[in-house]
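After this come two complexes, each holding chain A, first together with chain B and then together with chain C.
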Partner chain A sequence: MRADRYHHLVVTLLILLLALPIVATLLYSLTQRWEASILPEGFTLAWYWQLWQDARFLTAFGHSLLVCVGTLLLSTVIIIPAAFVVFYRFPWLDRWMNIIILLPFAMPPVVASVGLLQVFAGGPLPLVGTPWILVGCYFTIALPFMYRALANSLLALNVRDLMDAAYLLGASTPRAFLSVILPNLRKGLMASLFLSFSFLLGEFVFANLLVGSRYETLQVYLYNMHNASGHFTSAVVMSYFLFTLVLTWFATRLGRQD
Partner chain B sequence: MKTTLSSSLPVPAGAVTARPSRLRHWRAALLLAPLFVMLLLFCLAPMGWVVAHSIQGDEGLTLEHFREVLGSPFYLQAFDNSLRISLYSSVVGLLITLVGAASLRRVENRLKNLVVAFINMTSNLSGVPLAFAFIIIVGTNGALTLLFRQWGWLDDFHLYSRSGLILLYTYFQLPLGLLLLYPALDALDDHWQEAAALLGANHWAYWRHVGLPVLAPALLGTFILLLANAIGAYATAFALTSGNFNLVTVRIASLVSGNVYLEPNLAAALSVLLVALLALVAVVNQWLLKRSYHAR
Partner chain C sequence: MYYVEISGLSKRYGTTTVFEDIQLGLKKGEFVTLLGPSGCGKSTLLRCLAGLTEADQGQIRVDGQDITHLAPQKRGIGMVFQHYALFPNMTVAENIAFGLKMLKCPAEEMARRVAEVIRQVELSNKEHHYPHELSGGQRQRVALARALVVEPRILLLDEPLSALDARIRRSLREEIRDIQSRLGLTTVFVTHDQEEALTLSDRIFVMNQGRIVQEGSAETIYTQPATEFVARFMGSYNLLAPTEAKQLLGLDLKGHLAIRPESIQLSEPGRSYPAHFAPVAAIIRQHQLLGNIIRYHVEAQGTTLLIDHLNRSADDLLPTGTQIAVLIDRQQMREVH
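Up next is the complex of A and B:
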């Protein structure tokens, strides 16, 4: 009984510790002032009102959504056929793929940026300062999550038997892939997409170093607002936080269904 | 190589008659190409550039950049700061994580699932938003700072200093550590504690002689990931101090995107040293793992 109470106490303290910055930011964003008192004063929604009418914020949010959705579309189009081919034609490659997809993690984003800034500064692909370079970098971030999720789905599917059955019924390879394999990958794919989306939306290093204010994304906007009122930036943080919360909620819900 | 492969794999009968199998595999391999091209462009090419230019001088190859970094008190201070902050925050983070995860296993399932979901949620608060949240709470005019100062609790704590960064780093280590360590604690068999108690071991003796040795590989692995995560971190520190705190990642970034002067080759040398440091950490981890309880 004593031990039980101890464990509950520890878990409660842990929750309080983790919740403190979030609750404080939420309170800050909803009030007019908070000076030297335990609780803030003057409840208001004015900061959110102001934020969601700020054209610069809406543009930045739109930029972020565009880059993230664009990246995920590209990733889907590239990674699904690749994962399918690996499992159907080159199963021995899966072991190597698991190492290859982790390559981007060997370099912290700051280090990668050093090279990216030079490689794409001019020459045939002058991408620095454009959203396209972010799409490329974000692809490498999303790759491990998406490949693993698809590989797990494919592993559970028994691709070869399904494809053989489709062939027997007269389907061509593309047809069999589209109407037999693809529908079975939907759940794993969607869960990994939502998860990647929330990661990418929070990405700051590439966005700030490679593109910066030339194509301001949500995180860069938030950073550029660091001289604005703390209440206002709190409203930005909470809006972003709630949005990713919805995304991760979808991800876990989809992940749990199978 | 592809010919031997295709003959070793069973190919559906209909497919063979439709087209020669070698051609089909060649076409299949083509579907892998975009993925590798993207990796080549956005991962391997920058990686290669960094390595090549870290030893590139005005005329031919040189170790001048490395000499400049290692001979400069300023850059050495950056490494010192990065290492200290990462080390302290990882140790504190791991301790809190261990105590928390051990208790989390002991509470009822409903609460457990709720807490795990909550931890997942808090892992989204990192980078710039995290720095802003801490500025609000414990910044110069933060709510808690003013309150504590009024009560006389707080004398020389500054968020924009090393201790402030350690606090921030520890916070973003917690969700990661908990999510990594919590499943690993299942390696502990509940009967062991009872067995140890029967043999006369108290709580501490059990953890000292059974719990921690069994968990050593998991603890080490988690610690290394936290450490690597902290050493490579940039956004949080940059957002908090606008790049005014001397960390390796902040130095690298300012050498390639600063307003004053750009020295990409020097940044490349710093980058190589940083990645070498991360690699060293990984190697030490492997070595310690081999000597740990499970290996014996």
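Up next is the complex of A and C:
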């Protein structure tokens, strides 16, 4: 019993510790003033009101959504067939894929940005300052999450036998893939899409260095607003946090459904 | 003229030969087994027949038609896999209907045929279950139903029973044979289990290292093994080296002498035996109870022999150390190389 109580205590403390900055930010975003006193002076929703009426914020949020959704669409279209081909035709390639997908992480974003700036600032593909460079760049960030999740689903599936069974029952390769393989990847795909989405929505370094204010995303907006009231920026952070929370909850629910 | 004819079929992966120069013929409605140890090429041969693996050389003909390079979709061949290969996102009924859907079968006929085959494999009430909700035996029945519903010309069974436990394996084995003979379906069964092969097959092809080493009825394969490998693979044959055969029975042989454990008898006092039974003095070293059979390990002039004796009564059991004469039936012995 004593050990039980101890375990509960540790878990409670951990939850409190993790929740503290979020609760503090939430409180700060809901107060009128909280500078010279221990307790806040009056609660208000004014900061949220102001924020959600700010056209610049809404544009930045829209930009972030577009870049993230664009990236994930591109990733889905490229990575699903790639993972399928690896597991169905060339299983030995999986070893190499595991190395390749980690390569973007081997290079710090700042260093990668310098290289990308040099290559894409001019020349045949002047992408710097446009959302396209972010889509390409974010693809490499989403790649490991998505490839690993899909690889795990494919590993659990016994792809070769399923495809063979479908062939013998008269299905063509695309038909077999669409009706037999793809539906079974849904869970892994959804989980990795939402994980990547949350991660990409919070990305700052690439967004700031490669595009900056020319196509302002949520994180860049937050950075540009750092001189504004702390209550206001807290409202930005909480809005972003709640959005991600809802998405994660949604992803978990989708994952649970059979 | 065979219904299915495989001639000169070979398959290599790089420098490794999977099988070579396979000649094989199947009559219509026949149940044929490819029997051999793992890695002997039997599953790859089955895959070549299904069109899932391309052979390097040779020809496969079904009903006079050359199907060597035909796509698997067009061969009219059904297959049951070792690990079921059921589509996890589909219910039992949807799994079974998949092949009919590909054939663009009208909805009414599809429902009728699915219901009929579900009844045949005794899975009524399970139509709306998903594969993960079924036991191993039930899954394999679904796989069988899925292969049968499209009325294939040939049914291929790739070790369909090896993932199941012993009791289910026996009952499903009988069911498969029953359905096969009722439908008169030409069937190729792949297994490494000689008991399965012996109980199910009209004919057995024993394979080793990519070659067919013997072909024949279950009776022939069991009682007249052509090679030392077949004798060893088919069960607990006594295989005597030439020196042992010389010492024990005075025979001059080049190959091994194969004697089935049930063709050696323990002499009973007062009983006379025909002249083709050779008496040999032996001592009982141990015994194993195999249900209706007692298997004695006896030693005769330094050679260990296995003897299968019908377990009539517990009183008959001979204790370890008993001196006894054993009688080897010369008519049942076979020299193998």
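By definition in this document, the second predicted complex is superposed on the first by the 233 of 258 C-alpha atoms of A that agree within 3 Å, B and C clash if a C-alpha of one lies under 4 Å from a C-alpha of the other, contacts with A are read in each partner's own complex, and residues count from 1 in each chain.
Convention: a residue touches a chain if its C-beta (ideal position, glycine included) is under 8 Å from a C-beta of that chain, and two chains touch if they have at least 3 such contacts.
The model shown is predicted, which means the values in this text are computed figures rather than measured ones.
Student: Kindly classify A:P183 by the partners it touches after superposition: chain B alone (first), chain C alone (second), both, or neither?
Tutor: second
Student: After the superposition on A, what does A:F139 contact: first (chain B), second (chain C), both or neither?
Tutor: The answer is first: A:F139 touches chain B but not chain C.
Student: With the two complexes superposed on chain A, say which partner A:L169 touches: chain B (first), chain C (second), both, or neither.
Tutor: The second partner, chain C, only.
Student: Looking at A:R253, would you say it contacts chain B, chain C, both, or neither? Reply first, second, both or neither.
Tutor: Neither: A:R253 stays clear of chain B and chain C.
Student: For A:N158 in the superposed arrangement: first (chain B), second (chain C), both or neither?
Tutor: second
Student: Would you mind checking which one, chain B or chain C, touches more residues on chain A?
Tutor: If we count touched residues of chain A for both partners, the winner is B.
Student: Given the touch rule stated above, what does A:T244 touch, chain B (first), chain C (second), both, or neither?
Tutor: After superposing on A, A:T244 lies in contact with chain B but is clear of chain C.
Student: Taking the superposition on A as described, I'd like to know which of chain B and chain C A:F90 touches: first, second, both or neither.
Tutor: Only chain B is touched by A:F90; chain C is not.
Student: Both chain B and chain C contact which residues of chain A?
Tutor: Common to the two interfaces on chain A: residues 164, 167-168.
Student: In the complex, go through chain B and note every residue touching chain A.
Tutor: By the definition above, chain B touches chain A via 5, 9-10, 12-15, 24-25, 28-29, 31-32, 34-35, 38-39, 41-50, 53, 96, 99-100, 102-104, 106-107, 111, 115, 117-122, 124-130, 132-137, 139, 141, 143-144, 146-147, 149-150, 171, 174-175, 178, 231-235, 238-239, 242, 249, 252-253, 255-257, 264, 267-268, 271, 274-275, 278.
Student: Provide the residue numbers of chain A that touch chain C in the complex, in ascending order.
Tutor: Per the stated touch rule, the residues are 157-158, 161-162, 164-172, 175, 179-180, 183-184, 258.
Student: Using the touch rule from the top, collect the residues of chain C that touch chain A in their complex.
Tutor: Residue positions touching the partner: 47, 50-52, 71-73, 75, 77-79, 81, 83, 85-89, 98-99, 102-103, 130, 146-147, 150.
Student: Provide the residue numbers of chain A that touch chain B in the complex, in ascending order.
Tutor: 3-4, 6-8, 10-11, 14-15, 17-22, 24-25, 28, 34-38, 40, 78-79, 81-82, 84-86, 88-90, 100, 103-104, 106-119, 125, 136-137, 139-140, 143, 160, 163-164, 167-168, 173, 198, 202, 204-205, 208-209, 212, 219, 222-223, 226, 230, 233-234, 237, 240-241, 244-245, 248, 252
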